[in-house]
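In what follows, structures are represented as structure tokens.
Each of the next two complexes has chain A plus one other chain: chain B in the first, chain C in the second.
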Partner chain A sequence: MLTGAFALVFFYAPLDVDQGFVQKIFYVHVPMALVALVGFIVGGAFAVMHLRTRESKWDMRSYVAIHLSVILAVGVLVTGSIWARASWGHWWVWDEPMLVSFLIVFLLYATYWPLRFALEDKEKQARYASVFAVVAGAFVPLNFAAVRMAEQYIHPQTGATIAGGLPPKMALTFVVALAGMSLLFVTLCKYELASKHATYRLRALRRRLAGDDDELTLTGRSAAPQL
Partner chain B sequence: MRSTVAALLAKELTLEWRTREAVPAMVLFSIATYVVFHFGLDRDRVVGDLAAGVLWVTLLFAAILGINRMFVAEHEQGGFDGFLLAPVDRTAMLIAKATTLFCFLCVVELVAVPAFALLLLGPPLTQALPQLVLVLLLTNVGIAVVGTLVAGLAIQTRARDLIVSLLALPLLVPVVLAATRAATPLLQDGGAGALPGNWMAILAIYDLLFALIAYAVFDFLLED
Partner chain C sequence: MLPALPLDEAGKYVAAAYLVFLALVLIYVAIMASKLSRIEREVVELAELVEGREADADASPPPARAKEPVA
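The block that comes next holds the complex of A and B.
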């Protein structure tokens, strides 16, 4: 799907009149940003489920969603900077609400790992991380609203362009790219979950083979949730 | 509920009155920060948006000092266990702690804001004092609520001070943003401008929403 989207990006979508070829980064940058933000909020929703049910699988899902969203957020900041350099002439523009609010959200979520690492007890770690995810998930839209009001707009508005400012060929490409990025996110989530399950099963089996009952055979430090 | 909050609040304030641990440190810190700003910016007087920025950044950092100290006594002396054993609503703890932090901030500002006017502020403070107090009160509510939440989140961790600063700064960016924008016209040279209503609205909505979030999740921080 993503490959198809890239093919459309390069061969189908027309070049932008003002920005030329650089505008193509739009099809990577914007879907990535949207998926990352939705991922943060989904992580918060999973955390709510964890706090309600106390099942560690929800904590795991919340962890994975936030983990991948932070990785996507790095991509968003990098591609956004490249785009800004090309179209506005600066790597970073402060009077730009999108950039600033995205950076704030990114900084906030970067604290997720220090927080998890700083708690020894697994159950407590999961609970506190969930509380953090809920608060931060609610903070994401709030922060965007506040920063958006603070600055005047020069960012190409995604909402407005979807609503009709975009020529049909570009709109189609954008929708395909968005769908591709969402599918990539979901696939990666599933993949990471499967990998974590497999690692855990392997560790449990190995422990049983070795015949020791203590939990101290973990190699390396990890703050990821255990099942 | 009300008597629980009152009891907890009385305990907090007595504790602070006897130890004088947080508030004097916060006051000294803010005055020291003004001096640092004076040399860092190389200005004798600040006006308008610069003045608002200096004032609120200083207050924010002073508040983080206070937030760092919030649950330390409970954590070290086992006050949490005592509180959890008592048959009272846990939200009382949130309300009492947030009110305590609110009071601390108000006391700090009673000294820090006049000191700011004396040391750095260009136009006289009296021209817009009532509006400025309003902005300060709304800011204090926001900092108190978010600060209590962050302090509760960080108290059990090993790197407490680190986590508090890392969490509180991004979460309080909208508060500082709205407060400085609201206060900028108040601190202009040549008479105070009108108080921008939309920024006050944002501050109030932010305070309200975070109060609700804190109310929803705070119980989970106290289970042990």
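The block that comes next holds the complex of A and C.
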């Protein structure tokens, strides 16, 4: 689907009147940003489920959603920086609220792993990480709304054609790119969850074969959740 | 905002942005693939361990029964 979206970007979507060819970055930058932000919120929702049920699978899902969202956020910051350089002539503009607010969100989530790693007790680690994910997940839409309300600043407007707004061909391309990015996120989440489940089952099996009764206790400190 | 860049200039930035995305996905998939290969190695090790134990159990004679005292 992403390949199809990128084909639409270069062969179907018209050039933007204001920005020209550089506006093509929009189709990878904005879907990545939206999916990353939604991923953070979904991570918070999984964390709520963990706090309610105390089931470790929800902590694992929250961890994986946040992990992938942070990876996408790195992509958002880099592609945004490239777009800023092409549009404004600077790699980074500190008085642009959208950029700075996204950086704040990224830095906030960058503390998620040190927080987890700092706590050796796995139950405590999962609980504290869930509280963090809920609070940070609630911060994401608030932050986004605050930036939207800051009308005195203007983020680069895309789809600015003579008629104004996003034209149908651009809108279709954007929707396909967004759907592709969302599917990529879900697929990678499932991939990582399957990998983590397999790893923990193998470790448990190895301990069982070695005759260790306490088969689910992990040795050493780790930021990763325990199933 | 600067005026729209010419295609040859803009192309470099667009290519760089898409390559960044591609690189991120490829690095992630490569890391996951290395983890998967490690899991596969561990599965083979465990399977060999189980087979070895089963072979040992088959090779060793069953424990002799203790004689019951005759009344």
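Structural remarks
The working rule: the second predicted complex is superposed on the first by the 202 of 227 C-alpha atoms of A that agree within 3 Å, B and C clash if a C-alpha of one lies under 4 Å from a C-alpha of the other, contacts with A are read in each partner's own complex, and residues count from 1 in each chain.
In this text, a residue touches a chain if its C-beta (ideal position, glycine included) is under 8 Å from a C-beta of that chain, and two chains touch if they have at least 3 such contacts.
Just so it is clear, the model here is predicted, and its values are computed rather than measured.
By the touch criterion defined above, A:86 reaches chain C but does not reach chain B.
After overlaying the two complexes on the shared chain, residue contacts for A:204 are found with neither chain B nor chain C.
Applying the stated contact rule after C-alpha superposition, one finds that A:124 touches chain B and leaves chain C untouched.
In the superposition on chain A, the chain among chain B and chain C reaching more residues of chain A is C.
No residue of chain A contacts both chain B in one complex and chain C in the other. Note for the complex: chain C touches chain A at residues 1-2, 4-7, 10-11, 13-14, 16-18, 20-21, 24-25, 28, 32, 35-36, 39, 42-43, 46, 49-50, 53. Residues of chain A touching chain B in their complex: 51, 104-105, 107-108, 110-111, 114-115, 118-120, 124, 127-128, 130-132, 134-135, 138-139, 142-143, 146-147, 149-150. Residue ranges of chain A in contact with chain C, taken from their complex: 6, 16, 18-22, 24-25, 28-29, 32, 71-72, 74-75, 78-79, 82-83, 85-89, 156, 184, 188, 191-192, 195, 198-199, 202, 205-206, 209. Residue ranges of chain B in contact with chain A, taken from their complex: 149, 153-154, 156-160, 162-163, 166-167, 169-171, 173-174, 177-178, 181, 198, 202, 206, 209, 213, 216-217, 220-221, 223-224.
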